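Two complexes come next, and they have one chain in common, chain A, joined by chain B in the first and chain C in the second.
== the complex of A and B ==
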């Protein structure tokens, strides 16, 4: 394993691949600092360009981008009080008051150093878990993988957004969109009519860009928003690093929580920072400063939201179940590269897996240092009004969309899905489950077909299948009850 | 019934219509091809009916508690704002720009229409100076050219002409 790990490091450090990792990191930094454009958008922007690329270079680029978003999204959270992505919401509670008090530099510095440690812990845990997970994952058969996928979809649907049924519905809509095109195991084209374009189905990159980027751009323009009002970042950089080191146990505790929560499909992105913030408040002796600019309220969520990237890659790579919207697109990217996530990630594609682990670690280090170095120009970038960058972003996305099949259908699908995503966003329907359902649909169908053809219907009496099924039902019931209670209280 | 609630119910009705159509169309497919879409469509229809009832109940509860957003008026919380009204009026010009860009791509291809679109948008909406608009557009065109050369990418060609064809 160690020899394979060092081989993978040599692959990542090869200049021809390193440049793609740095490109991914650069895109991740830009996407992270622009509010609303999270990992899914960044991943979707890069996805069309991975066609035909060397798999190691392509995964380094995608992971490099995903790894630094959780670091870069701290800028808007602290400087403007707007979450850069779903995982940086809790940072606002204390980071923004710190910025208002003229301590933005200290808050950013504490956040970057905590993010660096959290990201490294995530990569370390991911590496450490591979030999343990290997026999476990290889023991799973198609019926178990089918039920795990169903369980993952239930969890994703329930935890995304405010309303539990809308989350589950969004997941099912995603599956239904994936049904467009050729059916597996038969020569039937489903729901395509006379359209030749639809015979291959909707490309993942178009769905992701349409669902996430188009609605954000439309709303930013319609609300005529400049990204930031804060133009200068104050001093206090050393104090922030000192704060992180003084609260090292909080950093490690939050990172451990981040990895654990990130490994649960659907749970990671939007709740890990809140859970981490909650445990920071619970474990603090003096709670009076929280919400008013306490640096611990910045350190805890930032450490955990970087660590969760390593955690979310565990189910993505080993079970083929994405832990978040970002990893859902990554999963699609891996498939485009001819890599089938699942048990093969620990056998034939082990070098890819280890490349991902190394990239995650390296990208966190490079990303954190880049954030330190670029903080002043980035703060100025975030003051650019949406009207000044939207046309360029739109053209880049349309070019990316067109690369999927080089047909007009790409551009039409892009805008139709974009408007659908805008309606979903406007009416408070979660969009991430649509994407996750779309990505998982072929796996569900494949596992179900293999299970039925190999075991008939006797697989339904398998004890592991029954346990996972009961767990899925319990998750749905508990999730619906918890959400309804939460809504009632709010 | 508030405007926002009507819109949400209409949105769900359209989704239900699409699922109903999918359910009907799937009846003509072989068993292995129709199993999954039929199961999913039935589940969506069942859940949509539950969600529509829950949505109405949520609005009624909000109205009883005196939440002004439940009347469909924009009261500062854009989360409860109906689409048809102020939000649409704010959004429509940008949808118009998007439609113009698509028309341009259809008529004169992507490269030419992208150049015209970015300069026009930066000048008229972004209020950028001529120099900044032209510089930004020039960089974008250079990036497109670089991508085209590096990755052998192709762009949509216009109905009438394309200067880069």
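== the complex of A and C ==
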């Protein structure tokens, strides 16, 4: 396999193919930076060119695009508190306060270096684990997946801010919003009325932007100030890299988490940044700085959301099952190239698989360095008064929102959710739990339905189910206790 | 379904073709594509695809976009335009209500819009019978079992204690299999809720289920290796509807019996009656992908589209590429396409009632 790996490297580095990889990376950077646009849009932009292309060049282009989104989407998250794509929301929690304190440079460089390492770990794990991953993926049956989503929901307890009760309520609101649209396992539509738009439910990207971006812009406009409260953006580039290296174990742990969550089909990589943030808080000795600009709150999610891409390719390539919207389009692209993902990815199509691994690694390196280069000029954005850039940003976000389904409903949903998000922010209700509840609700419902109709009550006695259940309870208890302590001090 | 109405519209279609054939010297009847008029030269044809990029139907549309251009004339570009929403209903409504009849847009049909149409969903604003059929392809699939059941032939299915079949929802493409089970009167438990057919296949590998269905491409790539390893056992194919509207063996699996053959083996006679009509309706709804044009689009555009596919299906290179990408399935042009789809489009009220009653009784599902 090593010899084959070097043959594939030669294939990828062939100038005629390298051009396409760089093209893919450029598209990925732009799509990542623009709020509201994510991997699906990037894939859709590139897909029309794929048919008839050399399979290695085309694969490199598509993967190059997907690999760097999680690096580039950090810019808006940190600089203006607006998620660049659905996978970079948790970065806002500490990255944005850092930008407000004039430490945007340090936050960005910590984020990019963590992204770089996370992405490389993802590619490495993908390479190492592919030959043996089949039984690992098959080990998770519906009851286990149900318990894992419950565990994911429990992490909310750690993110709920000062009021755990509000956190629970916010999670339930998120689950309620997810109930809009078609119900799994049936042909029923819930709370849709006569609206065809609502049949698909609210798109994730719109909910994310509405909750996090709109409130931020409203408040900035109201104060008519710049994001950064200090005039000059301190360089701090070296400090950021040093932060990442000092927290190397956190980087690696977050990367491992990212790969694992990405690899389990049906768990949904869109919450991996929150899970990773949760474990960073959980494992930190001094939790007081989180939410106020602790660099560890930037490093953890950024490392894991790049690593996630490597993980989510495992079920895509081995089983032909996409783990996310992005990999779903990638799957279509591979089929257009005449590659039907499945066990053949390890035999007759091995060179394509290795191309994907190499591209993932190279694109993460190239993407991180491109972001470093871009970051000096882009970081100045945080010193521009809101009145000057907010209109532009609002238009970009409206266009991004409208990309979801191209219906008027997108814009209405964006505005309604934006106002709702502003209310939450104003009254100090946590917004992350809304999002997590929303993302995990379909999986929870799906796997509970399957578990109950397949196993009755017996699945509750499954040892793995019990172990994950105990873990979930422990996470909640630890979260609540930590919060009590924090309150006692203040 | 309004029988009188669709018979009328079908009649109108034919009489229109006759009138056109009689009236024009070169005879642009539905199936005589005399020559290319050059309608699309230098133009861009859009294939309106009512799903997000990436799925099976989208990929089929993109295959057409990448290959049919040269057959339509010089300098013709063909693009896929994705209009996702409501499982395909949204984009198709848009085709009905908002797309201009200038011949520059054709609509891609697949299971997603057809089931809501067939079952009379209130969200549906379109009626395929009012459109002009351009080209269709029926792609089949295989029902297979986990080898641990210890069976090798379809007739042994009735000896198994508990058959567990994993499904997405009662209106997903896997409902073709459910209709086959109804026709065969096969006792089974159906577990609904899998996200798509991929996770349903995983469930069979895990032993969570023991009976599954996969479309040809997924079966070839992901189940055949399991068969070789002795993990899965193929049972029967769903069959393919040919140009006469008959069910025949799937050209991708010529050695595998069809549902009809399994029925015949058990009952000693070929299937017939309302369950058979219902099965064929669900089968064509779930297995056929098709391009439709608006009926008031310029005649030259419809002629050129059919002519192009007629030429393409006789082109060796095109067919060789198509077999690689789509499996060994035929391109059905014009009225042949309509005939293949007719079991769905002209389903009788009795067959619909039978489907509703059966799905209600077996799965407590309201179609």
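The rule is short, and it goes like this: the second predicted complex is superposed on the first by the 271 of 490 C-alpha atoms of A that agree within 3 Å, B and C clash if a C-alpha of one lies under 4 Å from a C-alpha of the other, contacts with A are read in each partner's own complex, and residues count from 1 in each chain.
The definition used in the following text is that a contact is a pair of C-beta atoms (placed from the backbone, for glycine too) under 8 Å apart; a residue touches a chain by one contact, two chains touch by 3 or more.
Since this is a predicted model, take the numbers as computed values, not measurements.
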item	value
Partner chain in contact with A:185 - chain B first, chain C second, else both or neither	both
First (chain B), second (chain C), both or neither touched by A:449	both
Partner chain in contact with A:388 - chain B first, chain C second, else both or neither	first
Chain B versus chain C as contact partner of A:367, first or second or both or neither	neither
Touching partner for A:321 - first (chain B), second (chain C), both, neither	second
A:55 touches, of chain B and chain C: first, second, both or neither?	neither
First, second, both or neither for A:215, with chain B first and chain C second	neither
Which superposed partner A:142 touches (first chain B, second chain C, both, neither)	second
Which of chain B and chain C A:329 touches, first, second, both or neither	second
Set intersection of chain A contacts, chain C complex versus chain B complex	184-186, 188, 406, 449
Contact set on chain A toward chain C in their complex	40, 43-44, 47-48, 51-52, 137-138, 141-142, 182, 184-188, 196-197, 199-200, 265-266, 319-322, 325, 328-333, 335-336, 338, 340-344, 405-407, 446-447, 449-450, 453-454
In the complex with chain B, residue positions of chain A that touch it	49, 163, 165-166, 168-169, 172-173, 175-176, 179, 183-186, 188, 190-191, 218-219, 221-223, 385, 387-388, 390-392, 394-396, 398-399, 402-403, 406, 408, 411, 415, 423, 426-428, 441, 444-445, 448-449, 487
Of all residues in chain B, those that touch chain A in their complex	7-8, 11, 15, 19, 22, 25-26, 29-30, 32-33, 35-37, 40-41, 43-44, 47-48, 50-51, 54, 58, 78-79, 81, 83, 87, 90-91, 94-95, 98, 101-102, 105, 110, 114, 117-118, 121-122, 125-128, 136, 140, 143-144, 147, 151, 153-156
Residues of chain C that touch chain A when the two form their complex	52-55, 58-59, 62-63, 65-67, 79-80, 82-87, 89-90, 93, 123, 164, 168-171, 191-196, 198-199, 201-203, 205-206, 208-209, 217-218, 220-222, 225, 324-325, 365-367
